[in-house]
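Both of the next two complexes hold chain A, though its partner changes from chain B to chain C.
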Partner chain A sequence: MSMSFAAEILLSTVRMATPILLVALAELYSERAGLVNIGLDGIMTFGALSGFMVCYLTGSPFLGILAGAAGGIAVNMIYAFCTITLCAEQIVYGMAVNIFAPAVAAFVYRIYFGVSSTLAQDTLMKPIAIPYLKDIPFLGDLLFHQTPMVYFAYLMVIFTAVFFNRTKAGLNFKAVGEYPKAAETLGINVIQKKYLASMICGALAGIGGAYLTTCYVNTYSDGIVAGRGFIALSAVIFGRWTSGGVLLACLLFGFCDALQLRLQVLSTSTPYQLFQMIPYAATLVALAVFGIKKAGPKSVGKAYRREER
Partner chain B sequence: MKIREKLFGVMVPFVSVLLAFLIGSIIIAALGASPAAAIHYLFLGAFGSASNIATTLTKATPLIFTGLCACFAYRCGVFNLGGEGQFIIGACVAVWVGVSWGITGLPAILLCLLLGTLAGGIWGAIPGILKITRGLNEMIVSIMLNYVATLFMGLMYTSLLREGSVPQTPAVPDVTQLPRIFSHLRVTWGIVIALAVALLVHYFLFSTTAGFQLRAVGLNSTAARFNGFAVNRYILFSFIVSGAIAGLGGSVELLGTQYRLMSGFALGFGFDGVAMALIAQLNPLATVLVAYFFAVLRTGATTMQVGTGVPTSVIDIIQALVIVFAVAGFAVVHLPQIKLYLSRMFTRKKEEGK
Partner chain C sequence: MKRMLTLFLAVVMALSLAACGSTTTPAASGSASGSAAGSSSGGKTYKVAMVCDSSISDGGWGAACYNAMIDAAKAQGWETAYTDSIAVADYASSIESYCQLGYDMIFLPGNQYSDATVQVAKDYPDVCFAVLNGSESLPTDNITSILPNADEIGYMAGALAGLMTKTNVLGFIGGMELDTTKAKLAGYEKAAKAVNPSISVLSAYAGSFDDTAKGMELATSMISEKADVFFGDASAVDSGARQAIDTKNGSGAIGIYDIGQPADLLGQNPCVICSVVTDNAGMLGLCLQAVEDGSFGNQVIYGSLENGCLSLGKFNDTLVSADVQKAFLGYVDQMKAGTFPG
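Up next, the complex of A and B:
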């Protein structure tokens, strides 16, 4: 009993951590290029909607994920244009995206599906077991019998770590976030790198949103993202802007989410809201205990003007 | 120079509103309705009769509070995204006092407003304290507290103060509700409180030493610190006041309009407040105007839906577009190239005048 309880919690930890992880990696790419993007919730919402619609229409969750990525990029390009080219304040514009994208998503959903009481449902992505590895006792089912998106998220963690620490392109990328002027002098196209970062950020955050509607639940509703974008944002801070740290932070938040869901089922007499508070409270406690004043990329949040001295 | 910047400060929001309405009209036309009719119904709904105007004012009241809440904190350079949570906590305290303390009438109203304000201030102090002591990002903290507050409100109406089988709290008694200004119209003294707070905030920010220092902290905290201003104290103060404004707003909304808590109370008010403060460029009085404009859109939207069948969510898009365009517009007029171009244009005009 206790063994299966633990296994179930861990299994759903991995599941709950995946969307946050994808979105936190999105933010990592953005911040490494000096762009703090607090519009993640908005991008996720739009990704969740476009993923849901395409999955609903075509019946293919994979196309849904691709649509989520495309939707995320589309939304984030507005942010990118305004903050990179027009030098609008990043925080302010992130906020604008958070207001704009959910409004559009809600409108599109209402126009397309109407205000009926029956919820539209799409097909969920099926887990794929990895041969041999899945036979490892206990861990096998946990780690190697998941949806492809879970594998994708963990591969992205490894890729990101290698990219930023072991490749020249990654170091150039980091330079843009640390000291763009110096990067420019060395012949790195700062503006181009920032746009590239925004595209990666939009795609990953959109996929994170689409994960919710194609792998996690089979419906779309307003507020489905429920602040996961902001939890991802704190995962980046908590994880000290490294992909390994971000992974651990996301697993912690995923664990809290999994725990609260399980507790809701176990103890029906306690009001469920108390359990639902756990992930948010855990984020606060984690930040308060381990948060540090400043460790991120040096020029994050600042607009880059090429001609400015 | 000064006048020109002020001119842009007014022009950018106006152009943004026009652009947003233009796109909104295209969407309405694409839905197969007539944009002219839709806009006609929109304004008819907001201004058509005395009772419609009263409804608009009622809808504007909570928005003014959350707008001022965002405005006050950002004047000190900190982003309070927790207006919604502080608003909700204020309302929770107000309903608790109003329903279960056994007092009624004017003393109860005053106590509800006072304790609601206090509760909002305390809730708002949390991100401030965590920011100055632990250096935490105030945006993340205040957002997380929004979710906690919303869930706490859920706890109130599903278990703690639940009334009967419906998940909602009991309504505050009639005598504890905010009195109406005119007996036959819905609008209460809440709007007067909102306007008074706006005037107070404006007076504080622009006519007192403390307000000046607070704005100095917001513009350049390093310079303010070197001038000997207590930067951390101002940050905490701005969070407390900002939260208190939202908390007062929550209790006013509860006593004046909603009377009880139920699912969906205050949903989205926090982010709307931030949007309004930004469109108003952090000017408290302009925030009131923008809040009124948002309320016009909301009241009119219902009439529009009835009259033309265009769903009210079009209005959400128009609102969102206003903020998207306005923020981009403010950035554009501050771009060096554009500034240069504009100053050339202006000097040429002057020379021609000579």
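Up next, the complex of A and C:
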């Protein structure tokens, strides 16, 4: 029993951590270019809806994921235009996206599907086993028999680490978030980089949302994102703005959440609120142990006015 | 120029926020039939509004209550409106804004609105308030409670689950620990144990009515603890649980079952064997009639098996054998007589 219990918790951890991981990477790109985007929940919700609609209509989860990315970019462009071109306050517009995008998604869903006592169901993406690796005992079936989006998320972690630390483009990208004026004097197009960051952020957050409705559950309902965007936001801070750190933070949170759901089932008589605290308590403890020294990009949250001294 | 544009966009955002955050759309079906009924009530078209914290398109509680209002209003020829997905802090102000708009009745689908209702109802003695699952002590001159019997809902699901289980382990997934949810769980467990004393019930709460993925995870872990019949009280979370059950059943024979509520959910998922149906529309219709008659208030409208406001949905005949159906209906008759589960 203990073997299958451990295996199930790990499997559930991977399932629960993946959407948060995708969205946390989205935020990482945004913040590395100096843009705090707290509108992740909104972008995710819109991505979840557009992914679901396209998957429902075409029957193809892959097109759903693409639609989720496109929807995410579209929503995030509102944020990008206001904060980059118009130099508006980033927190305010992030919040506006959080209120605006889920409302639009709810509106579209209701217009199309109406209000019924049953939810429409789409087709889910099938898991694909990776040859050879899946034959590793115990871990093989867990880690290498997943949907392609899970592999995509983990490859993105590696890609992001290499991009930010080993490539010129990545270092330029980071410079924009650290000291944009200096970056501009070296010939880096700051505005263009910020827009690029917003597009990557929108796409990844939209994919994170679409993952929920095309790979995880086969229905869309309002509130399906359930605060995952904010958890991703804290995962970036917790992971010290590095992709490896973000991965660990997401896995920790996913593990604690998977654990608390299982403990609830195993111990019905204990008040469930106690178990629901676990992920948050673990985050607090980890922050206290590893420290919360600010390690983020220096000019994050500040508007960049090109002609200002 | 840029500043103007920023301002303009901010205004647009704020407007869309106000418009979408609280979707106040008069329901087309309700208002269309409004004219027809105007005749029956001497030219006046009555209006009812619903204020709801969950979404009305959640495929569960919100949808069931909204459709109940639409059905009841259609039958009586009332106009309808709704505001959904509102936060706790906005209950009172949303209710009050409908009072100011001249609505005759406000429908509040849940015990959680009781405090806000009492607060607003004092200031608007001419407006009627119907609180679904409101307590028995709640009603005043302009407040009526609608109270479906949560114990009986639990009994029905529990008796059927007790007859259907092969592993003697049942699952129950709640959204939040509301009084009605606790009563349903207690009834479920009591009835199941009355049918078969060796049954144990696993229960857990998702802490949400929207987080479908949590429902899936909870059901998966209950299945690995051998649960094979499920019942839930968590709206969209229940649909996640049903998905997990269907996945586990795979394409082979269906060995893990789900009992639906509050509408008849047979056919939505292959694992649904029967539903416990609450006729909210019927009970709400009594409220609308009382408003028209001027007899509204100081009343608790009970919904039970005896008066037909609680009933059984259709059976899945391939999964529930005729013998089990017969035995189960026997228990239901005993429930009506008040002798089960003792």
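To be clear about the criterion, the second predicted complex is superposed on the first by the 281 of 309 C-alpha atoms of A that agree within 3 Å, B and C clash if a C-alpha of one lies under 4 Å from a C-alpha of the other, contacts with A are read in each partner's own complex, and residues count from 1 in each chain.
In this section, contacts are C-beta pairs under 8 Å (C-beta built on N, C-alpha and C of every residue); 3 or more make two chains touch, one makes a residue touch a chain.
A quick note: this is a predicted structure, and the numbers were derived from the prediction, not measured.
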| request: Answer with first, second, both or neither: which of chain B and chain C does A:104 touch in the superposed model? | output: both
| message | Let me test your reading of the model: by the given contact rule, A:113 touches which partner, first (chain B), second (chain C), both or neither? | response | second
| said: Looking at A:82 after the superposition, I want to know if it touches chain B, chain C, both of them or none. Which is it: first, second, both, neither? | reply: both
| query | Once the shared chain is lined up, is A:264 touching chain B (first), chain C (second), both, or neither of them? | reply | second
| task | Report for A:283: first if it touches chain B alone, second if chain C alone, otherwise both or neither. | result | first
| message | Let me test your reading of the model: by the given contact rule, A:218 touches which partner, first (chain B), second (chain C), both or neither? | response | second
| request: Pick one for A:8: touches chain B only (first), chain C only (second), both, or neither. | output: second
| request: Based on the superposed arrangement, let me know which partner A:185 touches: chain B (first), chain C (second), both, or neither? | output: neither
| chain B and chain C footprints on chain A, overlapping residues | 82, 86-88, 93, 96, 99-100, 103-104, 106-107, 110, 226, 273, 276
| field | Contacting residues of chain B [partner chain A, same complex] | value | 31, 79, 81, 130, 134-137, 139-141, 143-148, 151-152, 154-155, 158-159, 271-272, 274-275, 278, 311, 313-314, 316-317, 319-321, 323-324, 327-328, 330-332, 334-336
| remark: Touching chain B in the complex, chain A uses residues 38, 78, 82, 86-89, 91-93, 95-96, 98-100, 103-104, 106-107, 110-111, 226-227, 230-231, 233-234, 237, 271, 273-274, 276-277, 280-281, 283-284, 287-288, 291-294, 305, 307-308
| request: Give every residue of chain A touching chain C within the complex, in rising order. | output: 4-5, 8, 12, 15-16, 82, 85-88, 93, 96, 99-100, 103-104, 106-107, 109-110, 113-119, 121, 212, 216-219, 221-224, 226, 258, 261-262, 264-266, 268, 272-273, 276
| request: Show which residues of chain C lie in contact with chain A when the two form their complex. | output: 2, 5-6, 9-10, 13, 16-17, 19-21, 23, 54-60, 63-64, 66-67, 85, 177, 201-205, 207-214, 216-218, 220-222, 224-225, 235-236, 239-240, 243, 262-263, 265, 268
